[in-house]
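Inspection log for the structure reproduced underneath, given as structure tokens.
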């Protein structure tokens, strides 16, 4: 359990970082429940426009739940989630999506009744500026080859690629990727790393959840540590070395 | 020969409507070894597993397990011969407790499965063994929790415990570490190492440090066929493997 | 036996297929019979209760059993649906109650399965088949083709009608067995058309009959000179079909509201009190007149002996005479006999107002309309 | 821990003790019925349907297989028993055996076809098979079409129990019901029951553990069909007739309704449900036309508001395992 | 031989009702994951609606062809909003049970107010009469039914399979939460889809009013057959249910000619056979 002091310093730090720009997403005292079990106990963090921020934490800490709460797909949630200066804690997920937030879920969410092309084309374009199909096939050549297979007939890794690819098309500026490297071959992981870097350079903002710390460290600007439904620490990439010790205790890296 | 290699395939091929997911694969798994199957996404690893455990019917080729041709067998029969798999997307019985999950597997081993006239209290004698297995994978505190309510990584561990309960001669593990935190990975890796003394293990894994650390032999698959085979050190020097799988960062 | 309390149970299909021909109308008819009997003025206490048998024989049997055991019912009336009627008849015999069936068609009630406690009042399959079969053949419809519902009831109707047609010198050119609850008859109608028979006989019931009639009009069978003969049809069905569709249809009934002053008077009163102001069917009429006869028998006995067989014997002994069916009698096997009428449905131009539907083609005298006693297989007759 | 209700039936951790107490209470209540003045035929009828619903529940509640054709077992056993008693003149006990065996045979045949498919397809296949059978029974002579087999003699069971005596009949039916109920209860809490549950939860996983799941499903189907047939054979003595309504698909729907009202996947739910529905049919008979509407409303309310059914809600409220 | 042609044609006519009804069922099943047991009752409502329009408002067949499906469709949407909505995410079973209950209620109410023998409705004047085709007398109305339902079926198919809507709907069946998170208003889409499926049923009802007696029970037995059609065609497969609908009409027609006693059972026999050989139905997607 994080003691109070730690939380305070963490919050102070993140506030300091946030001050550098206007936060695109700011989450404050977010609480969330699955049925009657209380999962998030007051999450607070910010993501600035153009940043890559990574949530780290043990299995079951509440990282996925945080992303889902921002997306509006957790039944009961309280607190404040502001995106682009708009309060969205009460909004329905289709509205949130239309504001330009897109999620690549942990379980991938490939549709069995749709073929690969349909899966890819499924999310409606919410604004211009998304990747074109050619750009996508450049990134993930596997997909082009299997375009007419049934979505869930793809290999595990191919499904992961598809899940990422389809939200790149939509033009959403704020992407939430839940463990995008899970089950991917090292070559592809490198590719995804490049993709994230490129997206960032093109002005996308990315909120990442990762178990693969090594990978995260190659792309992230800042880190937050989630434990037992709270943010217990946060630091930027430059402070990484200094925090390795702590990271070890948090994550066992 | 049957003694040395517990599992052999010859010319194993699987075609999906003109697309060859697995092509002419000859695999030899040595008894008592940890054998890793790696390869880029879509290389056909899971398909191989499905063929070996008969969840898919091969288009061509032959599968020998303990010297016996199992090419035409039903999946449940293969499992009964001691060749048991785990799934890439975690497979547990969601509304049973962890203990019950493991017990279902023990029960198959030790009979009574068709006894509808007997009280299930006869199954209580499996509880001890089930708890031991849960201990082994670090799930003792979850024994009475329903599987749905367990975090993802724990479900993977539970799946391994359930598989172990069958006391299989050979286990096929499909990405056992996927989605796990570092601590869990270490735990499961240690577990696999420990059980490998007794069982033969064929596993698919993308986590290279795990592969490096655990496996005796590695087969690299690309586009459905075998690209290379050898130990970790040799393979990381192989240019073709680097290009197809490891990427630029390695070597 | 000076007990003057009576309990009448109207057991019917209140919500299903037969609810229009029996159902709430039968309960009303029973109440009207109580009122018109004048017994209440003479110190009798008569109650009418009703229930829905849902067309399930076991539900019907249970209700009947419970009525006798718990509610002390003396007599059960109506009970459309042959399966339920036979089940009820068995219970009534076991409990020594009285059962006057008006709604069901099966002639088994007065043959193989007759009991000393059961009277079959209004109509039965034999009478329908013979009435329509012989009268129509004699009127010139001497070649027949059957559309028969493929189950016991349909087969019995077809068999009896065939006998009657042949006896009257006609010929049967062919027939088709169609499954129960067929919504589309066009295939069968085409075959009927191709047979060139003068009469197409519908040996079926309910929705099967009305759909067949409607589609026959569509396929122009009647315009082509063929006659449609429905072997079982009620005025409620004709009303539902509308004259446009039903015109020219032939069938037999034992009651029509517009026969004489008495039937008209009863029917007008009935219509006023019915929920949706329909005219009585022959089943309703049967419930009414059978109860009147029952009350007469009770009065003759001087009280209610609560002994079904005894009252039924009394009823059989007395000749019947009531405003709706006229003079008649009850045979030893429980069969009530009265005249039957072959009707044809009027064309819209012939009809002079609402419910003016039928014209009378022939009257079949009482002694010819029903199974002759020497042909009845009822065990009560073999003494 | 609360269980989310997104699965058909949450498998609560059961304690057999609650169930035993409830069973005791139920048995005592049923034993004293003849002394209470409650009309015994109503209870007998309800007991037959209760057994039927329990048999059905075994399949859906514990095997996850929704049969929409269970009436075929009820009706088949009814017809065969009825025929055996009336035409062949068999004694009651043999009549029951013959009817039950006929249902068991039917369950083997239909089971072999039906269990090859899951979920909604399973429901549809069972529905189709029972419709087939309905049309066959409608047309074969021995069932006497819509008239049904009537006036089936009750006779003397084992040569000395006079089944025409309502009290004797009541206890015979009760004994039959308890026998069937206990068998189902035992099956659910047996090693076989455990395997069945795991198959319902995740079939591929069960296969990969070496279970030939089809065999288990088939056995469950046969058990369920046989017991449903047993209920049908008992019912012949109560109703003294066998008719088409027992094979019609609406009867299958009614079985589902009973189980749902009482509580899917609860041991006592189907019993309570059967009593409620039969009571409705019996006592609402006076409401005439509105019976079907009321039934429909009950259906809708149950699905929307009391998904756990009567017993399920009570058990949930008091945190009991029933 | 001529008689055979006649039977084939008649079968096709019948098939158009199966096609329309099974199409509606398939749309609803495919998209909402609900086995709509109330379909028969809604079909019946369509026919009754036509009757009311004629007898209460003096609105004839042609306007009824549009008004009735819309009205019943709206009624369906209300049902979806108020009742079915609560079942999202639950097992199929609950949808089946709820709609079964609804069917009982709707049928019961109509039965109470309009009796069981039904009400008359005649063929519109423009379509009265028939044509002698040489091998058979074809009522013009029947010809109209085939053509019209074929057009409606194809339009529906196009709407669902050839526009984005279809993909949305199919995806929403599998994982509504995620589809919503992509920015699609899933609840509204589902309501409209249910309305569409129900509207198709009502349309079939209006079409059948002049040929079948308008009775409360008219849908009850038909629905079971239509279920079989949908299952044979492959649940949720739009084209499958259209083709199977027509094909089964023809097969049934032939059975009526060669062995009429079996014409009610043939569809169930076929269904069992098809499911044994091809579990997902003739054109069903594997899942």
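General remarks:
As written, the chains take the letters A, B, C, D and E, and residue 1 is the first residue of each chain.
The rule is simple: a residue touches a chain if its C-beta (ideal position, glycine included) is under 8 Å from a C-beta of that chain, and two chains touch if they have at least 3 such contacts.
Because the structure is a prediction, the values reported are computed rather than measured.
Counting steps between touching chains, the shortest path from chain B to chain E takes 2.
Centroid distances from chain D, each centroid being the mean of CA atoms, peak for A. Chain centres computed from CA atoms place B at the largest separation from chain E. Each chain gets a centre from the mean of its Cα atoms; for chain B and chain C, those two points are 74 Å apart.
Chain A and chain B have centres, each the mean of its CA atoms, that are 30 Å apart.
Per-chain Cα centroids separate chain B from chain D by 42 Å. Taken residue by residue, chain E touches two or more other chains at 108, 111-112, 261, 264-265, whereas all remaining positions touch fewer.
Contacts with at least two other chains are made by residues 149 of chain B.
Across the assembly, chain C contributes 15, 19, 150, 179-180 as residues in contact with two or more other chains. The touching residues of chain E, when paired with chain A in their complex, are 164, 167-168, 170-171, 173-175, 177-186, 236, 285-287.
Taken in their complex, chain D has these residues touching chain E: 5-8, 60, 66, 113, 116-117, 119-121, 123-125, 127-129, 131-132, 135-136, 139, 249, 253, 256-257, 260, 289-293, 295-300, 302-304, 307. Chain E meets chain C in the complex at residues 3, 6-7, 10-11, 13-14, 17, 108, 111-113, 115-120, 122-123, 130, 136-137, 139, 141-142, 208, 210-213, 215, 217-218, 221-222, 253, 256-257, 260-265. Residues 14-15, 19, 23-24, 49-59, 61-63, 65-66, 69-70, 81-83, 86-87, 89-91, 106, 108, 113, 150-153, 155, 179-180 of chain C touch chain D in their complex. Touching chain B in their complex are the following residues of chain A: 37, 58-60, 106-107, 142, 146, 149, 153-158, 160-161, 179, 182-191, 211, 213, 251-253.
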